[in-house]
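Look at the two complexes coming up: subunit A is in both, with subunit B in one and subunit C in the other.
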Partner chain A sequence: MSESTARVKALAAHEYRAAVRSKILLVLLGILVTITVVSVYVAAVDHRSKVADYAAYRAAAQASGLARIAPSTLAPLSLLRGALEYLEIIGAVVAITLGYLTVSRERANRTLTLIRSRPVTAGELASGSLLGAVGLFTTLVAATTIVGVVCVGLIGNDWINAAQGFKLLLAAIAAIIYLGAFYCVGAIATANTRVAANGLMIALGIWLLVVLILPQLGDTLDADNQIPGGLFKALTLDRAGETEILKHFSTYETTRISIEEASFAKHYERFAFAMTEVQDKYRGFSLGRLLGAKRNDIGWMIFYSFALVFGLRWSFRRQPTIPQETT
Partner chain B sequence: MGNHVMTETEQPSAPAIELEALCHSYGDTEVLRHIDLRIEHGEIFGFLGHNGAGKTTAVNILTTLIAPTAGTAKVCGFDVAAQRHEVTSRIGYLPADVRMYPHLTARENVEFFAKLSGVKKPSTAVDETFEYLSCSDLADKRVGSFSTGMRQRVGIAQAIVHRPQVLFLDEPTSGLDPVGVRQLRETIIRLNADLGMTVFMNTHLLSEVAKVCTTIGVLDHGELIYKDTIAATTERFPDETSLEDIYVRMERSAS
Partner chain C sequence: MTATIARQQIVSLLRQRTFVVLLATLIVMTALAGVLGWSSHHTIVGVYDEAVKLLASRGDPAPPNPFLLKPTLALLSNMVVYIPFIGALLALVLGHLSLVDDETVGRLIFSRRISRTEYMIGKIVGAAIVLVAILLASLAVSTISLAIVNRTMPTGADLGRLAAFYALSWLYLMVFVLIGMVTVLVTRRRSLALLSAMGAWLVITFAFPQITSGLRPTQSLNPIVDPASTSQAFFRFTAKARPYSIVEQYKAASASILRTAGTESTTSILRQVAPLLGLSIVLAVVGIGLVDRHDYSSGSNDE
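This part shows the complex of A and B:
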């Protein structure tokens, strides 16, 4: 192990340990895990009766000698929808808080001075801190995913298969990347402000915009969402007809899509909802087809992640090593 | 007490610290003005000056925390601006008002900094350092519950755990009681005698400087107005009874 790798590892372990000893962070994590588990539990209870109904239908169909039995349309992974949404909204707040604490802690303790008087580069400091945070997010996502799957299996009486498990794994990786991105937002905003609390406020403003406002704007402006059940369905138009009509509103559509594309949260949500079959249209897709359909969201997530990691390194390089503000 | 980072055979011919026409400004305010200074290995250097004289800025430059506006600063022959890694591998630093991580134990704090300095066996190094400083009883207690004196000892431990060649201490006695001041004084002398560490110490306590330092420098409004050994200084000012009197006389002459 090179000296640089050893330093990054030490910084990552330090970040992880500081995070799990932070009371405010533990409270936020506790809230997130509790509501996530409750949401999956409630969905699983409801799902259990649907599984029983389908089993009864299947038994009755077999008994009556029906030649063709309709396959189940139940999607056990979709029970995790609540968990994904809470992770998207509250998880991002947890990640921002951790990013803020990383920077403000070093300032308040005046330990940034001690760290930078060691042979530690700003890049190593950024990488170590981010890896420590990612370690925490991995623990969080793994725990909620395992509890969710067990809930779906035991309470919902519907165990997921290997293919679904792999899709869930990809959704979990996306969740970790998503949380890592918001960690960067919190740390970047705090590192670039003299008063750390102002950085937290800026980061929460970005969260409000990216997680709540932009996706909602995109949805509200969607022509198809103007009446319940879908405008084009009500007009009995197929996909070709819908495309033909939208051609006449190309500027409007481009603006609306751009608003949605600007949101990292929207890309994560689209990807995670597709992988967990929350969106009906992706049910039964093979993994290859699914990844092909979601390549745009994958590309944007990678782009945003790289940009934020670069921003984190840049911010850590330019932040003053001599404490100027401690709160 | 072993050497964990630097090899004992490493004996650079360059001076421990060398400043040439060093300048630093914060905006329009000039804090350091064309300072030339040379400190040899093995010296205990006391850097004196009133508040705002520029002592801490000089230490911040020498520890690579800020870059000089003009001139050069070298530690063990390495330029602080261009060879940051080489410099930081050879120095230990105890800033004024050190706080450390309050939620960690003293051992965890020092071990973290040992790892950052590339110490091969951090746990062993930490144990040896605490033993050397006679503060093993503090090792497994959280730093958040420590008094200023206890925290200062942990601060010293983190500064020397990697056995640096040059140790920078910024106002190390501030906030310490007389017993703490005496312990610190003894520690500095031992570090210098046992490990051959060069010590660069910013301080206000002239009585301590007289008891600990081999050389002094006086900074006044960013200018180095005096530098010599303690022995030469007392010879040069035979009419003054204490270093304090000498210092006051120098400051008056400068102004």
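This part shows the complex of A and C:
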């Protein structure tokens, strides 16, 4: 192992240990895991009755000698929607908090300048901290996913198959990347402000805009959402009619979609929802077709992640170092 | 002495530009709700005109204009979402800043002839007045937005409902001001205080509605609350706590006041408001109790 790799590993292990010792982070994680379990449990209980209904229909159809039995339209992975949404909203707050603590803890202990005075490059410091954080997010996402799958199987009476498991794995990787990006936001904002609390407030402001305001704006501007029950339904228009009318609102639709595109959270949500069959239109797609349909969201997630990792490295490089004195 | 503390609090927020930031954010938020309302109106009218043409070409009769189905104050339905999300976070910051700077100069303040109870009441009154001023500005922007979009001045009854909605919003936001204050008094570091207050906001806004009503986070972004049925054993048990989920009660009471989702009797609206009032009083009493025992001798750690 090269010296640089060893330093990165040491920094990552330090980051992971320090995060586990932080009480406030543990409380936030506790909130996230509790409500995730509740959301999956509630969805799984509801799903169990639908699985039983389908089994009863299937048995009755077989008993009556029906040649063609309609396949089940149930999507067990979609029960994890609540868990994905909680990772999107509360997980991002946890990630920002971890990023903020990375910088503020070292500053408060006066160890950040000390680390920077050692033969550790800004790149190694950024990579080590980010790797430690990613390690923590992997633990968190893995725990949430395993609990979710077991709840769906045991409570919902519907175990996922290997293909669904692979799609879920991709959604979990997207969640880890998403949380890593918000970790960078928290660390960058804190590293670039003199008072750490101000950095935290800036990062939370970005979170508010990206996770809550922009996606909500896009949804609110959707023409069909203007009337309870749907505008096009109120106008007695079918899908073809809706498409025809929306041709006259192309600029409006472009603006609305652009607002959503600006949100990193929306790209993660679209990708994760497609992988977990939350959206009906993607059910039954092969993996290749699914990835092709979501290439735009994948591209944006990669772009935002790389930009933030470079930002983190740049921010750490700007941290002051103790001048090396010769005696 | 309480009035002096309240005045000092307001002057301090004005000097720190906190007041301007809070005011600007809330006005932008209200204007955004107005723009969205205007956009909604414009889209509905445009889609309706195109639908009439399309249906006529197919030989179908034109349906009634759906805009007429929208209540007069529906323009403000987004405010019912923005107050618990953005407004509550701003209120947390207001409560936090009201007390956190005194952590280092507390000894000087209490060397004067002032009781800690008077000090805390003064701080609460100061923050409450700042909130009233900000919400009055928001009310003015809402009234102007309504006049522009509906092309007529709101009626006396509409203005009364608007005033009631803003009074309810003030009470809701006061809960978060008090949470911001209490977390400063129970933690030793200012950042920890802010994060603890954020944790409380996450529980109230997302966790509690999930447990009592099965509302997923994105459903919480919807102005209209649609709780899960109590047919599930889990919700038969947890729904008993639903009246104490203040964000759900706030949204339901706001929808009734603005008449954007049916109408409810004044008694049922008051029943929805009662937990908010109760929590505000409890938090104020807890805050007064905590400030009495708070140690101002060591100051706070800025990090």
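Structural remarks
The working rule: the second predicted complex is superposed on the first by the 299 of 327 C-alpha atoms of A that agree within 3 Å, B and C clash if a C-alpha of one lies under 4 Å from a C-alpha of the other, contacts with A are read in each partner's own complex, and residues count from 1 in each chain.
Just so it is clear, contacts are C-beta pairs under 8 Å (C-beta built on N, C-alpha and C of every residue); 3 or more make two chains touch, one makes a residue touch a chain.
Remember, predicted model here, so these are calculated numbers, not experimental data.
Shared-chain residue A:L291: touches no atom of subunit B or subunit C.
Counting residues of subunit A touched by each partner, subunit B versus subunit C, the larger count belongs to C.
Contact with subunit B, but none with subunit C, is seen for A:R110 once the two complexes are overlaid on the shared chain. Of the two partner chains, subunit C is the only one touched by A:V93; subunit B is not. When the shared chain is aligned, subunit C comes close enough to touch A:M201, but subunit B does not. Of the two partner chains, subunit B is the only one that A:L11 touches; subunit C does not reach it.
Shared-chain residue A:A262: touches no atom of subunit B or subunit C.
By the touch criterion stated above, A:V120 is placed in contact with subunit B alone, subunit C being left untouched.
With both structures placed on the common chain, the touch criterion links A:L235 to subunit C but leaves subunit B unconnected. Taken together, the two structures place residues 105, 108 of subunit A in contact with subunit B in one case and with subunit C in the other.
Those residues of subunit C that touch subunit A in the shared complex are 32, 36, 39-40, 43-44, 46-48, 50-51, 54-55, 60, 63, 66, 69-70, 78, 81, 85-86, 89, 93, 190-192, 194-196, 198-199, 202-203, 206-207, 210-211, 214, 216-218, 221, 224, 228, 232-235, 301-303. By the touch rule above, subunit A contacts subunit C in their complex via residues 24, 27-28, 31, 34-35, 38-39, 41-42, 45-46, 81-82, 85-86, 88-90, 93, 97, 100, 104-105, 107-108, 195-197, 200-201, 204, 208, 212-213, 215-217, 219-221, 223, 226-228, 231-232, 234-237, 241, 244-245, 248-249, 252.
Residues of subunit A touching subunit B in their complex: 3, 6-7, 9-11, 14, 17-18, 21, 105, 108-111, 113-121, 321-322.
Of all residues in subunit B, those touching subunit A in their complex are 60, 63-66, 84-85, 88-89, 91, 93, 95, 97-104, 108, 112-113, 115-118, 158.
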